[in-house]
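You will see two complexes here that share chain A, one where it goes with chain B and one where it goes with chain C.
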Partner chain A sequence: MTIRPGRIAVHIALILYTILALGPIFLILINAFKTRRAIFADPLGLPNGQTWTTIGFDRVFANSDFGLYFFNSLTVTIVSLVLIVLIGAMAAWALTEYRFRGNTILSLYLAIGIMVPIRLGSVSILRMMVELNLVNTLTALILVYVAQGLPLAILILGEFIQQIPKDLRDAARCDGVSEYRIFFSIILPLISPAIATVAVFTMVPVWNDLWFPLILAPGDGKQTITLGVQQFIGQYVTDWNAVLASLTLAIAPVLALYLLFSRYLVRGLTAGAVK
Partner chain B sequence: MADVSLHGVAKSFGATEILRDINLSVDDGEFVVFVGPSGCGKSTLLRIIAGLESVSGGEIRIDKKRVNELPPADRKIAMVFQSYALYPHMNVYKNMAFGLKFAKTHKAEADRRVRQAAEILKLTPLLDRKPRELSGGQRQRVAIGRAIVRNPSVFLFDEPLSNLDAALRVNTRLEIAKLHRDLGATMIYVTHDQVEAMTLASKIVVLNQGRIEQVGAPLELYRSPRNLFVAGFIGSPRMNFIKGQVLRAEGSNVTIGFAGTEATLDVRPGSVNPGDHVTVGIRPEHMEAGGAESTSLRGTIDAVEQLGESSYVYMRLASGDDVIVRAPGETEATPGGTYTAHVPTRALHIFDAAGLSVLPDQS
Partner chain C sequence: MTDLTASHVQSTDVVPARSRFPIHIVVFLAPALAIYTLFSIYPLVDTIRLSLYTGDETGARSFVGLQNFSTLLTDPNWSGQFWNAFTNNLIFFAIHMVVQNGIGLGLAMLLSLPRLTGGSVYRTLIFLPTMLSVVIIGFIWQLMLNPLWGIAPSLLKAVGLGSLFGPWLGQESTALLTVSLISVWQFVGIPMMLIYAALLNIPDDLLDAATVDGAGPFSVFWFVRLPLILPTLGVVSILTFVANFNAFDLIYAIKGALAGPNFSTDILGTFFYRTFFGFQLQVGSPTMGAAVATAMLVIILIGVLIYLFGVQRRLQRHTF
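Let's turn to the complex of A and B:
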């Protein structure tokens, strides 16, 4: 087999991009285990016998409610994720499968949602949450994230649902399967690769978001992990050990979820359905 | 078991008329084949009977009950799709049992039915496989099995063989015919392949542009096509059409001139008058039958195809008409030479200017 120059170029580009993407994470990981002096003296060096320390982690666990923040973030992310995927898939199914009045208008309206950044509405969202008595609750965050994630989810899932052969639904209808059952027993399993894609795309920004936790739930023990990290970044002194340690801890669950979903990203499940 | 009848069924998508005024009755236990070119509405008609499409007008009755408003599941039908439409994430057993779960069938009964269907279709060793692990023929059998377990009154097949290769198609065709004999159920089958239609059907419905052109037993359609469309559609290679003119007419006895020759035969009285333009149809396999009352057609040979058991001679008549002759056995004709075909008068089909057959009804 000969290797074409085009393929080499593609690989070089991909490798460079991988380095670019993984570099910062790698830096966070190695520096989280180094003394403050070593972080500044040799930021690119690996921790060795002299510079090795876990003081950052100790301080994170001692000085902050890290477990609670972590739990808050996890709750917000997972609940948002489940709602986005579930509502998104149902809406996508309805918009692609059923022809009804206002179908196109609704699709367009949702497409606009992808283009307009939700942060533009921060002030009115805050005002609304105050009126609803939802400030400093995780519910406020979940609501906002669901709204933010839905348009793209519906678009992606709709595309995938359209690719499911129409005959499958018709076959199920002839079999006497209810529309709900068709959705849950046939459509959902078949779009699981798309769901994994949507989950990954939705999860990362939600987990990493600082903006909405800061304005909607900054207190009352409802802080998310990104807010928790902030407390180590001071105006005058920044506890880099603690910041890097908490960031390291914050990466872990995203990574775990990513690995979980990525199993489905690659393979298509519809093989063998038709023809 | 049940009969199916359609009364004035019409369907349009927006301004486009797909089907208009379809009237048809399918008797209990009959094997009816809808055949026609693509886009003629045959699949739509099947989907209307299944309940997957609504009608714009008319009435559908299954087992003498109006079913227009019933969902597919309540019509006692089962459908086999062209694409098989197997649930890809379920194994063969679950594919067949899936529908029964919602029909409130008792679990043991469902299991018995699935195993029985698997037995009939020789699927027993494959019950644990996923559809992607099956060959095309096996997938098709699973799709048929899924229909059988529902124990339907009417089976609907939507071009079930068109994704199979030629050898498998013949096999599966025979299996479907056998299935029909064994189950005795009413079956409606859609295809664009006239060989399938001829071999399987007890009754063929020829559709064209949303209308029924003719309904009849396979040989009836072959022997006395009602119009040019059916004449051209049934039979392979297709019927030769030659322009002609009525020379003389005395009651039902007319003489028609075509391709430099003439033939005298009986038509429906008063259906044509002297001077009328007509189309003369001759099936390629009748071009060489000869016999006592026959007409000779001479032309230059364009091409010759030898198939061993027969030969196709493509020739151009002096009148400019291109015709195909199917001569039995091998032929010595070569391209560029001349060829004379001997057509018996009784093999002629005569169509008037509107394309309708003017031959007397043979039934």
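Let's turn to the complex of A and C:
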């Protein structure tokens, strides 16, 4: 194999862009572990024996409920994802498997939510949540996120269900198995690979969202991590150690999960695009 | 249960019973339809309805027709802000279309080169910022560009461009561009991935045939690959459009609800938030907020319809 000069230029371009994409995140991570003096004197240097400190993290944990916010985000994201996958798969199954009057119209009706952002209904959503006494609860967030995530999930899961061979369910029907058991015991286990794809499109926006936590659950210890960080930084804006530490705490779990599962996420994204 | 015999007779037919709507279909569909209708469609419709009302301090509402919209578009207290937010949003969108989707296309072209070593590593790493919260990204860049910390000026100095540096996020003339570029930096991964997937789907035979026919790399790109990925570029454009005209988090995180300096970074999302919740001296108004949301809905729908009936139709005719 010969290395052509063109190839080297391609790699240089890609490496430069990668540095541009990761550099800022990397700088935040390394400076979070440095003393205030070192942050300003040598922002690009790695923390060493002299400059190492975790004082920022101590202050974050002392002055905010980071653990609680993290737990709130985790609860909202996981419950939303489970509901979206389960309810979405049921609907996708009904729409792809059975022919009935109104099928096309229902599919189109559900597709509205793919293009029209639910955020624009916030005025009424807030009114409803006030009436239902759900303000400052995680339930309010979960309900909204499920409604937001369902349309795309139904589209993706529907395409996936279509690829499952017909023989399986026909054989089951001949044996007199009920439609419910066909779905829950045969179809649901088979679509588990599609969950990775659905997760890309639902979990990430839910975890990262600022808008609905800000409007529906801004207090009472129901803040999600994104809102918690936003409120914390607003208060401690001049405390560089604390700001950098809180950012690092927000970045770290996503970073770890992404690097662990990036293979599936990237595959899901490109597969979803092929369509 | 008189129809028992009827359905029995029918079930011997090839077509299954359709006299009664099968209950299991209802069971499968009901949860999704209920949650989606209640918390997505109903609020959207109700918001449009609310935009036709006005409320006073007591909470009593009265129907005013399209008056909120004429206030929004013509009243000097409102229209200046609205059109400012709309124009800024258009600029925000234009920058994304050119820079974000341009770089995304470029990266996708490089990544789809045959037998590129480390391609998946580059893809994974370049996509990484997209996964993080917009709020976090906003704060990261606020620190990076902070003249106090001095990372940006010292890096610029290192490549000989030190004189270019200024408090970009604080100047009225550069704030919107800077905020847009931060957003571009974060979301470049999405067009890159979508276009990359489309490029991979182009059969090698087509490219080989073009090369055999004597087409250079540039002609292959311009006359073979680009036309074939036009539908994907259409999808990328409409996704960018909807996301941009719905954006809020980044501006709110960096500049707050006032979208300073002097509203130079105000877009429709932040304008909507201020109208709804109020700010400083102005009291928030749910009905005016609903009117702004409805205006945003109309703008997004116009974009989607142009895409569905203008762009997508033509592209499909073009490719087949």
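Everything below uses one rule, namely that the second predicted complex is superposed on the first by the 202 of 275 C-alpha atoms of A that agree within 3 Å, B and C clash if a C-alpha of one lies under 4 Å from a C-alpha of the other, contacts with A are read in each partner's own complex, and residues count from 1 in each chain.
Everything that follows uses one rule, which is that contacts are C-beta pairs under 8 Å (C-beta built on N, C-alpha and C of every residue); 3 or more make two chains touch, one makes a residue touch a chain.
All values reported here derive from a predicted model rather than from experimental measurement.
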> Comparing chain C with chain B, which touches more residues belonging to chain A?
Replying inline: C
>> On the A-aligned overlay, A:136 touches which partner chain: chain B = first, chain C = second, or both, or neither?
In response: neither
> First (chain B), second (chain C), both or neither: which does A:175 touch?
Replying inline: first
>> By the touch definition at the top of the document, which applies to A:148: first (chain B), second (chain C), both, or neither?
In response: second
> Is A:115 contacted by the first partner chain B, the second partner chain C, both or neither?
Replying inline: second
>> I'd like to know which partner A:75 touches here: chain B for first, chain C for second, both or neither.
In response: neither
> After superposition on the shared chain, which partner residues are touched by A:28: those of chain B (first), chain C (second), both, or neither?
Replying inline: second
> For A:189, is the partner it touches chain B (first), chain C (second), both, or none of the two (neither)?
Replying inline: first
> What part of chain A is shared between its chain B contacts and its chain C contacts?
Replying inline: 178, 269-271, 273-274
>> Which stretch or stretches of chain B touch chain A in the complex?
In response: 47, 50-52, 71-74, 77-79, 81-89, 98-99, 102-103, 130-134, 136, 139, 146, 150, 163
> Quick one: in the complex, what on chain A touches chain B?
Replying inline: 165, 167-168, 170-178, 181, 185-186, 189-190, 269-275
>> Under the stated contact criterion, what part of chain C meets chain A in this complex?
In response: 18, 21-22, 24-25, 27-29, 31-33, 35-36, 38-44, 46-47, 50, 103, 107, 110-111, 113, 116, 118, 120, 122-129, 131-136, 139-141, 143-144, 148-151, 154, 185, 188, 193-194, 196-198, 200-201, 232, 235, 238, 242, 246, 248-249, 252-253, 269, 276, 286, 289-290, 293-294, 296-297, 300-301, 304
>> Quick check: in the complex, which residue numbers of chain A touch chain C?
In response: 10-11, 13-14, 17-18, 20-22, 24-25, 27-28, 39-40, 43-44, 87-88, 90-91, 93-95, 98, 100, 106, 109-110, 112-113, 115-125, 127-128, 143-144, 146-148, 150-151, 154, 178-180, 183, 204, 207-211, 214, 226, 229-230, 233, 240, 243-244, 247, 250-251, 254-255, 258-259, 262, 265-266, 269-271, 273-274
